[in-house]
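Labels run A, B, C, D, E and F following the written order; every chain starts at residue 1.
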Amino acid sequence: MEKSDRYERGWNKFLETQGEAGVQAMERLQDIAPDLAKYIIEFPYGDVYCRPGLDLKSKEIAAVAALTALANAAPQLKAHIHAALNVGCTRQDVIEVIIQMTAFAGFPAALNGMFAAKEVFEKRDTEKSVQ
Amino acid sequence: MEKSDRYERGWNKFLETQGEAGVQAMERLQDIAPDLAKYIIEFPYGDVYCRPGLDLKSKEIAAVAALTALANAAPQLKAHIHAALNVGCTRQDVIEVIIQMTAFAGFPAALNGMFAAKEVFEKRDTEKSVQ
Amino acid sequence: MEKSDRYERGWNKFLETQGEAGVQAMERLQDIAPDLAKYIIEFPYGDVYCRPGLDLKSKEIAAVAALTALANAAPQLKAHIHAALNVGCTRQDVIEVIIQMTAFAGFPAALNGMFAAKEVFEKRDTEKSVQ
Amino acid sequence: MEKSDRYERGWNKFLETQGEAGVQAMERLQDIAPDLAKYIIEFPYGDVYCRPGLDLKSKEIAAVAALTALANAAPQLKAHIHAALNVGCTRQDVIEVIIQMTAFAGFPAALNGMFAAKEVFEKRDTEKSVQ
Amino acid sequence: MEKSDRYERGWNKFLETQGEAGVQAMERLQDIAPDLAKYIIEFPYGDVYCRPGLDLKSKEIAAVAALTALANAAPQLKAHIHAALNVGCTRQDVIEVIIQMTAFAGFPAALNGMFAAKEVFEKRDTEKSVQ
Amino acid sequence: MEKSDRYERGWNKFLETQGEAGVQAMERLQDIAPDLAKYIIEFPYGDVYCRPGLDLKSKEIAAVAALTALANAAPQLKAHIHAALNVGCTRQDVIEVIIQMTAFAGFPAALNGMFAAKEVFEKRDTEKSVQ
C-alpha cells in the first residue's frame, strides 16, 4: 500500500498524540482491516488533527469531553486521556472536563469517565516507577 | 424561594455565558418546573462552571464537543455555541470543534452541529445589523 | 388482516393509555406500514403492557424516564406523558421523573423533556377549556 | 471539606438506597476526584432523591428504566437494581421494568439489562447464604 | 481549492446516490465550512462508498439501518432513504429495514424512521406528478 | 408454556441464524426471565426475521450496521456477526459494513465493531481447527 502525504503527516500526528500504546492498537487492527487502519491515520489524524486553528490541548479536551459524554467507547476514551496528557494537559484538566460532563451527559457517564481516567493515571504511574 | 450563595454565583456565571437568550429560556422553564430552573443555576452554573482549573473558553469547547457528539439536544447546542462566542472563542474555533466531531461521532452528527452553528452565526449577524 | 387475541387486548390497552391522539398517529402509520402498526398493537401493547406485576402508573413512569433519558424520540415522549396522565399519574409525578433524569442523562435531556411536558400540559388545558 | 446540609441528607439517602457497595464505589472515587464524589452526594442524592412527591420505589423504577434504555452504564445499572431491591421493589418488579424496555430501546438493551439483573440477584443470593 | 482524485470520484458517487437534493445541502454547507463539505465528498464518498465488495444497495440498507437505529439524524436518514431508492432499493426494502429496527433499537426509533420514509415517499410522488 | 406458531417458526429462524451459541445464551436467560426468552423468539425471530421481502443476508447486514453504530451492545453485535456468516455473508462483507460505520457513527464505534469481528473470526477459526 503506497503511503500518501496524508498518511505520512497523519502517522506523525498519531505518534505525537497516541504514543507507543496507539501503535500497538494499530497493529492489532492491521491483521483484520488494514484499510480501516489506513483511514484512521489519513482522515482523523492526517486531515482533522493536523488542521491549524485549535491547539492540540484544546483538541484533546474536545475529544475527552465527547468520548466521556458518548459513554460507549472506553478504549478510545482511555487513549485520548493518554493523548491529552501527552500533549500538555494536566491530570487536573482531564478531571475538570470529566466533571463538567455530569451536566451534559449525567452522573453515570461522568463516573465511568473518571474511573477510566483513574486507570490511565495509575498505568502511567506504574510505568514511570518501573523505569 | 431563598437564593443560596450557589444560586447567586451560578446566576452570574449563567448571565456571563448564556446572556439574554438564556434568561428567556429560563423564564419559560420557571412556569412549569421552578425547581429544575433553580438546579440548573445552582449545579451546572454555580458548582461546575464556577470551578477554577479550566478557563471558560476550554469549558465551552468541551460543551460544544459533547453536545455535537450526543446529537440529541439542538437547543442546548445552540445555546453553548452562543456561550462559546460570548466568552471569547472565535467562530472558527467553534467550526474546528464541530469538524473534529466527524471523527468521534460521525458525519451526520457533525453536519447537524454545523447547521446549528450556521443558524447561531446568522442570528448574531442579524441582531448586530439591527442595532 | 385477521385480528389475533393479542391484537384485541393490545388495542384495548392502547386506547386506555394513548387515547384518541394515539388512534390518529396509528392511522398515519397504517398508510405506509400496516404491519408495523399491527406489531405495535400486538407486541408492546398486547404482550408487554398487558403483563400483570407492575401497575400502569409504574409502567408509564418507566416509559417517561426512558424516553426522557434517550432524548431522541420527542413524539413518543409526549404520547407517554399523555398516557401517564391518562392512567392516573399527576402532572407533578411527571415533573418529578423528568427532574430525576438530570442525574442519569444530564440537564439537556431533562430540559427538553420538561419542555415536552409543558407542551402536553398546555394542550390538555386548551382542550379542556374548549369543551 | 466542610459538609453542607445537602451533603448530610444526601449521604443518608445514598446509604439507604445504595448500601455498603455504594460506599466502596465512593471510596474508589474519593482518591481521584473528591469533588465529583461530593457532587454525587449533594446533587443526585441530597437534592433530587430527597425530593418528596414520588416514593423511592417509583424513583428506582425510573432509574432502572433509564439505565437499561441508555445501555451504556452497566455499573450504575447494577447499583440501581440493588437500590430498587433495597427500597422495597421485588425482583419481579425489576424484571418487569427491564422487559418493558424491549419496546422503548430494543432487545439488545433489554437483554443486557436482564443479564445485569441476573448478576445482582446471584450476588445477593450468595451473600445471604454466606451469612 | 484544488480537487483531488478522491474528491472527483467522491463527487460522482455523491451525485449517483444523493442526487440534486444532496447538491443543495452541500451548497448550504459550503458557506460556513467548506472544508467539512470537502471531507464529506472525499472520505465517506471518495473512500468508503467507492470501496468494492458490497454493492450500493447493501450499503444503503446499512445506512438506513444505522441512521434509523441512532435516531438522532433525521435529515441524513431522509437523504439515505432517497439514496436507497436512487440505487435500486424498492420502497418495500426500505420499509423492511425500518421494521427490523424495532428489534434492535425499539419502537420509537422505528416509528420515527417510518414517518421519515413516508415523507420521502410523498415528496417523490409529488415531484413525479409535477413533471 | 404452550408454544405458539410464532414461537415454532421463530425458533427455527433463531437456530438458522444464531446457531448453538444462541441456544446457550437463551438458556442463561431462561432461568431469570423465561417470558423475555419467549418474546425474543416470537417477535424478532417469529415475526420480524420471518418476513419475506429482504433476504437474510441483507437483514444481517442491517443488524451488523445498527449494532456497530449503536455501540452499546457488544454481545449482540458478536452474535449477529456470527449470524451474518451463518447465512452466507463473507468475512469481507462484515468488514465492509463496519468500515462504512466510520461515516455514520465515527471511528471509535467502527473500531470497537472491528475488534468484535476479529474476536468472532478467531473463535470460528479455533473451533474449525479443533474439529
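A few remarks follow.
Everything below uses one rule, namely that a contact is a pair of C-beta atoms (placed from the backbone, for glycine too) under 8 Å apart; a residue touches a chain by one contact, two chains touch by 3 or more.
These figures come from a predicted structure and were not determined experimentally.
Between chain B and chain F, the least number of touch steps comes to 1.
Set against the Cα centre of chain D, the chain with the most distant centre is E. Set side by side, the interfaces C-F and A-B show unequal numbers of C-beta pairs in contact, with more at A-B.
Work out the mean CA point of chain B and of chain E, and you get 30 Å between them.
For the pair chain A and chain C, the distance between C-alpha centroids works out to 40 Å. Multi-chain contact residues, meaning those touching two or more other chains, occur in chain D at positions 35, 39, 43-44, 48, 51, 67, 69-70, 72, 76, 95, 99, 101-105, 107-109. Contact topology of the protein chains: fully connected, every pair of chains touching. Here chain F touches chain D in the complex through residues 28-29, 31-33, 35-36, 39-40, 43-44, 67, 70, 72-73, 75-76, going by the rule given at the top. Remark: chain E residues 70-72, 95, 98-99, 102, 107-112, 114-115, 117-118, 121 touch chain C in the complex.
Residue ranges on chain F touching chain B, taken from their complex, read 69, 101-109. Contacts from chain C toward chain D in the complex involve residues 43-44, 48-49, 51, 53-54, 58-59, 61-70, 76, 92-93, 95-97, 99-105. On the side of chain C, the complex with chain F involves touching residues 35, 39, 43, 47-48, 51.
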